[in-house]
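The structure appears below as structure tokens.
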């Protein structure tokens, strides 16, 4: 009976890569929402960057889970306050080893019109990248590695 | 052997709604491109807006096909010139009757980094909506209809 | 010359193409207004060879002409 | 007090947590530098109860403390 709305902490983390089919399934679930006119989706894919002349073969992701989920809950709340017309916001991030070419990050926003969905996805992606304590070890050939840092 | 690059006119039109599974399949095809780090996707879904107090049940799309494809080819070329790092751009639009809740429009851009993919999708979506001769008849209950106009 | 019609305008004309005469887009607009009831109160654009033309330009009769109501793609 | 370590810093320390003493975040930084070789040349942040703290604040010992290298999510 508190005056403050209780916000559920959702788990955004999935073990292993995000299946491209999951993207389609996530969108399909919104077909019953007749107030939605626009979905905007961002997907992060592991790039085969060269590090010291060696191509990245995979990124092993770890996270400070409890802090990441607390931060994400705050970001979600702020996103819905900034774009009140947004009907849904789904965020998923991989943990564990994700190979080059596989998907590791998904943000999906849905709204009646494109402007809200577009702006919310851009804003949420940027906030997640800069504020969530997620760490990436770039796996290189010959059992070497490097630590990824977001630009 | 012409000095001018020959640009293929691609058919963006599909008969009927865009299957959400097709979105996942389109993304999955890029797993072999190790220079891609970001995919941005826009999806248009038919909204159940009220028109004169009656809910839209479907939109029947028609197009001036030849002009639409010519315009789209020009938009594609300009998009690749504006965002040279963009690796791929896929655009699909439905023709025929698309029910409320179904998808009628998809734009997918892929790039090494998110900024190019994000900006290109926003720009292409806006250009398609304002420049492609596509017409939408909103089907209402009782065999009535209204003609949709983009805002 | 043959003129392609789309959407609301095709519906009002009861046809997807129509034969009208005109040696310029201005003359064409006048001829169309006489043939399609209510066109003078509608928003539309004329495309000549698949490009929208706002000015009054001469026509030879060999162009591909279309009358386009407001776009609704996306 | 127990301090959680992540990523490159956990790797350098050879552990995902470490026991160090300090009555403030400033003292904690000094204690960590003595325990983790090369930490003084690394970029890192200290989180107290899951919030990053830039100032020097007092610690009672009951807080959840973590040492975080640069983020790489997305």
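A, B, C and D label the chains in the order they appear, each numbered from 1.
We take it that a residue touches a chain if its C-beta (ideal position, glycine included) is under 8 Å from a C-beta of that chain, and two chains touch if they have at least 3 such contacts.
Computed from a predicted model, the values in this text were never measured in an experiment.
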Shortest contact path, chain B to chain D, counted in steps: 2
Inter-chain centre distance, chain B versus chain C - centres from mean C-alpha coordinates, in Å: 26
Geometric centre distance via CA averages, chain D-chain C, whole Å: 72
Rounded Å distance between chain A and chain C, as computed from the means of their C-alpha atoms: 48
For chain C, residues contacting two or more additional chains: 74
Junction residues of chain B, two or more chains touched: 44, 114, 125
Set of all touching chain pairs, with the criterion as stated earlier: A-B, A-D, B-C
For the chain A and chain B complex, residues of the former touching the latter: 19-25, 27-28, 30-48, 55, 100-103, 110, 112, 114, 118, 121-122, 125
Chain C residues within the chain B interface of the complex: 4, 6-8, 11, 47, 50-51, 64, 66, 68-74
Residues on chain B engaged by chain C in the complex (per definition of touch): 44, 59, 61-64, 66-68, 70-71, 93, 104-105, 125, 128-137, 147-150
